[in-house]
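First subunit A sits with subunit B, and in the next complex the same chain sits with subunit C.
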Partner chain A sequence: MRYVKISRENTYMFLERLKDLGTLHAPQNISEKYYDFVEVDDVHSVIFEYNRTVRPPRRFFYPEKETMFKFNMEEVEEYPVEIQSERVILFGVHSCDIVGLRIIDATFLDEQPDPMYKKHRENGIIIGISCLPDEYCFCNVRRVEIVDAGFDLFFHEISDGFLVRVRSITGHKLIEPNLDLFEEEISKEDTDYIAEFEVKRRSMFSIQGNWDDLRYHLEWNMDHPMYVRESEKCLGCGNCTTTCPTCRCYDVKDIPNLDGKTGERVRFWDSCQFRTHGLVAGGHNFRPTKKDRFFNRYHCKNAYCQEVTTSYCVGCGRCTYFCPAEINFKQNLLEVRGEA
Partner chain B sequence: MIKEDTRADVRERPRIGVYALTSCYGCQLMMATVSDILEVANVFDIRCFYMVSSASTMDEEVDIAFVEGSVSTEKDLKEILEIRKNCKTLVAMGACAVHGGVQSWAEGNLSYDEIYEEVYGDDKIDMPGLQAAPISQYVHVDYSLPGCPPEEDEIMYFLTTFLVGSFPEQKDYPVCAECRTTGNPCILIESNVPCLGSVTTAGCGARCITFNVPCIGCRGPVPHNTAWFDALATVFKKRGFTEEFVRARLKIFAAHNKNLDKMLKKAFGGDK
Partner chain C sequence: MSNGESNIYELHQVRVLRVYDMSNIDKLFLFRFEDPIRARDWRFGPGQFVQVSLLGIGEVPISICSSARRVGFFELCIRNAGRVTSQIHKLKPGDLIGVRGPYGNGFPMDQFYNKDLLLVAAGLGMAPLRSIFLYALDNRWLFGNITIVNSAKYGKELLFQKELEAMKDIATAENIEIIQTVTRDPDFPGLHGRATAHMDKVNVDPNNCAVAMCGPPAMYRGMFEELVKRGFDRRYIFVTLERRMKCGVGKCGHCNIGTATSWKYACKDGPVFDYYDIISVPGLI
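Right, the complex of A and B next:
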């Protein structure tokens, strides 16, 4: 892999140049405490050290709401819509979110590629950044704390700037015309810094080990009292799913026009925490109670994923950090594992 | 009746009526000012529309009746029975019609006589009143269009689905869903404000919270018994809000909800 080096000062310059290539989004403060990927105006407002964004990056490739096609009921015909997509550059994506996007890729690209997602994704440039965990993070037990695919560039903190891993052809193309900003000479001091950074980072996680066997613990303890107790606290607000970097569920709705014959089909994010998620024709509901819906998320994230990966949860901590009822996903899973 | 429409296809167009019981006329104003109102007037046969024409009457036969306002007087009750009789499909429009509105605030706390005495004392009024109630308390409601007032896109969605012979799908998820996708921080967590977004029906795009104002629940509780007042009250209790405060706040728009009092009791314990 190619490595280059850039100072903090030059990073701002690099961001300025990235703005010319498309719409650049990077983590910025949206309130006293919270961050989000916001379109960059002043590059100096970009935050290099942040815990997590309110919204995961999936929305850039899988928007909250999107028209799938238009239809005419008299002609009994459907018409494709032109997919509106522009080059999006995401700077400052953490490893958990990069893996999150790859999990979404598995659903939307692997077997039956979704044309909208595919186009948005092809238009995306992903630039990762290293981070230190807070008490909500557990990407280490999900074994996604280090990524080596799914990004174009990855910025690792070093003493006076960043060491950059160049992963893709797109990544090379971003570096090549901007070599005036980068150094190609990597010193022992730089790699030592990264090695030490990793040691420090690993020691900071509140839990250690790995959770590759979590699925079995969940399957063996389906009637664990945790589900009843914790789902009682649940507001059913769906914050855990709307902020999740790997939630993929959507619902569709037909919006007719005033001519009484044409209209469009729109898809929009759904959540398994909502009643209609499990509602089917005839009024039957697969998950009629709040507890059923609560249970579903724990199992979807950790046990319904044999085909793709060991886990649909990347340990970003959002579902706990943004839960108004302070339901602690990590703690509850530890309880089911018998390790609380 | 509003001036006779003489265009040839008028008979094929769905007939709609827009009515008001005790209310502020805000829902009708919203409906009368949708940007496609001229086109709406072309594709529907508008038989009556109280805000738009004083020639409107209750005895018109219509296919779809949109009714705003709560049943708060004997006259309202007589009218809603009349409207129900003369329409095929009845839509409760807005917070008052769907949930009883702010005028239902005292529901469960004060009787009609106590409220009357508080407001009028010994004075007599011409219009005999009733405890304010959502129209579903008296007649069958086919569809509910919540909001104070309803959003333009939802009004249009209701109209157009009826037009094609379909029906509007009810939103049964809370404001939080729209608040997160809008990219707002959660002000309940961050600023400890008593936001009711998690028990309130979505559709507004989390407008208030986007302007840093906590949700007061104007779109009413999430339907199908999925407004978890007990869980939310527990959160508020933990954050230092009193039972009186939480009850009063939830009563603004959810006073008629059957789960409210028992769920509050569950969260706060005791009889009060």
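Right, the complex of A and C next:
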């Protein structure tokens, strides 16, 4: 792989230049405690060290609401809408969120690709950044703490700036016109820093090991008392799915205009934690109870994504961090695995 | 019919050719694609479904119930059960609607060749099974003996009852057994009891028979037990499942079923599942 090096000061300059290539979004404080990807105005407000953004990056490629097409009911005609897509540059994406996007790719860019997602994703540039875990993080047991794919550039903290991995042609093209900002000589000191950083990082995770066997534990303990106990606390608000970097359920609605003739078909994020998710005509519900819906999420997230060879959960910790009922996903899974 | 580059959500216009009342709540619709090329070339397999759109109201997944061998038109048997289907029931010949598909794996018909065929339907389950049944009739030489069991709670809900009754004459000549039975209708002039109660009347050889079923999970459980007891080859027992299939292309997540070791999209991995899927994936039935 190609490596280049950049100082912190030059990183701000690089961000300034990235703004000319499209809309640059990067983690910024949105309150005292929370971060989110926000369009960059002043590059000095970009935060290099943050725990997690409120919203995962999928919304840039899979917006919470999107028009699929417009229609005329009288003519029974469908009018395609041009997919509005501009170049989006995401700077400062953590490895969990990079894998999260790859997991959504597995579903949305399969043999029947979703045309809107495809267009947005093709217009996206992903620049990763190294991070240190807090007590909510468990990407290590999900085996996604180090990423080899799914980004164009990846910034690793070193003593006086960042060592940058260049992963794609787009990545090379971002570096080439800006070589005045980068150094191409990588020292032993730099790679040692990264190696030490990784050792420190590994030791910081609150749990260690590998959860590849977790899906079997879940299947062997399908009537574990955790499901009833924890789902009783659940408010059914859907925060866990809205903040999840790999959740991708959507519902579709036709919205007629007041003229009674035209309208548009809109798709919007749905949540398996809502009662209506499994509801069909005639009032039958395939997941009638909160426990059914809770079980559905726990199994969906811990299922195996063949294309990425990981579980659908990337261990970002958002579903627990943002749960108003303080339901602890990681702790509940440990309990089912017999380790709580 | 989507390929890699076409828009998977694009609708195609179909015109209603005929509407028949099947019961108080079920109607049979004949459709033809407006685009003559599509009308000529559109193909599907038994057990597949389409997404039917009423623009401004919504979209519903419906199993195709006509024979895959009869091209140029297709038929859907639709129950008036909800917001969209109640509006579909108001359609008249000449009306235009939108359709996309076909979707789902369908029944693996090539695995059924040179075997006897046992088809077991309960209630609205007759609709997708009619697609296999007519397909088998249109390719009679590919299959051995055929038995179709059509069951419902009441005689007036027995779908395609008259059609099957009218076929009985030719059926005898073609080694086809037609069994129609009701479970809760003492006044019905024909057979009574569940499908399992009529397994002595079938003309198929359990050692060389493919079974396709469509009905509620309780029917599947009862039939599995009966079929295994009678020595049917478990490998050739298939069922088709109902779930909330919103997109039809394995994306929207509403039809997800299974557990962490076997997570399925009913619309894409199914809706047809075999006996071993059912015993391996908790929650399928």
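Please note the rule applied: the second predicted complex is superposed on the first by the 333 of 340 C-alpha atoms of A that agree within 3 Å, B and C clash if a C-alpha of one lies under 4 Å from a C-alpha of the other, contacts with A are read in each partner's own complex, and residues count from 1 in each chain.
Here, a contact is a pair of C-beta atoms (placed from the backbone, for glycine too) under 8 Å apart; a residue touches a chain by one contact, two chains touch by 3 or more.
Keep in mind it's a predicted model, so treat the numbers as computed, not measured.
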Looking at A:D223, would you say it contacts subunit B, subunit C, both, or neither? Reply first, second, both or neither. neither
With both complexes superposed on chain A, which partner does A:P256 reach: first (subunit B), second (subunit C), both or neither? both
With both complexes superposed on chain A, which partner does A:D180 reach: first (subunit B), second (subunit C), both or neither? neither
Name the contact category of A:D20: first (subunit B only), second (subunit C only), both, or neither. neither
Kindly classify A:E307 by the partners it touches after superposition: subunit B alone (first), subunit C alone (second), both, or neither? neither
After lining up the shared chain so the two structures overlap, which partner does A:E86 touch, if you call subunit B first and subunit C second: first, second, both or neither? neither
Between subunit B (first) and subunit C (second), which, if any, makes contact with A:M73: first, second, both or neither? both
Determine where on subunit A the residues touched by subunit B overlap those touched by subunit C, and list them. 73, 253-254, 256, 263
Partner subunit A, residues of subunit C touching it in the complex: 2, 4, 7-11, 13, 55-60, 81-85, 96-98, 242-244, 246-247, 249-254, 256-263, 282
Subunit B contact footprint on subunit A (complex, rising order): 30-34, 36, 54-55, 59, 64, 73, 232-239, 242-243, 253-261, 263, 269, 271, 274-276, 290, 322, 324-326
Taking the complex as given, what residues does subunit A use to touch subunit C? 68-69, 71-73, 76-78, 80, 107-108, 110-115, 214-216, 218-219, 222, 248-254, 256, 263, 265, 270, 272, 277-282, 286, 296, 298-300, 302-304, 311
State the interface residues of subunit B toward subunit A in the complex, per the touch definition above. 36, 39-40, 43, 156-157, 159-161, 163-164, 166, 169, 172-174, 176-177, 180-181, 183-186, 188-190, 197-199, 222, 224, 226, 228, 230-232, 234-235
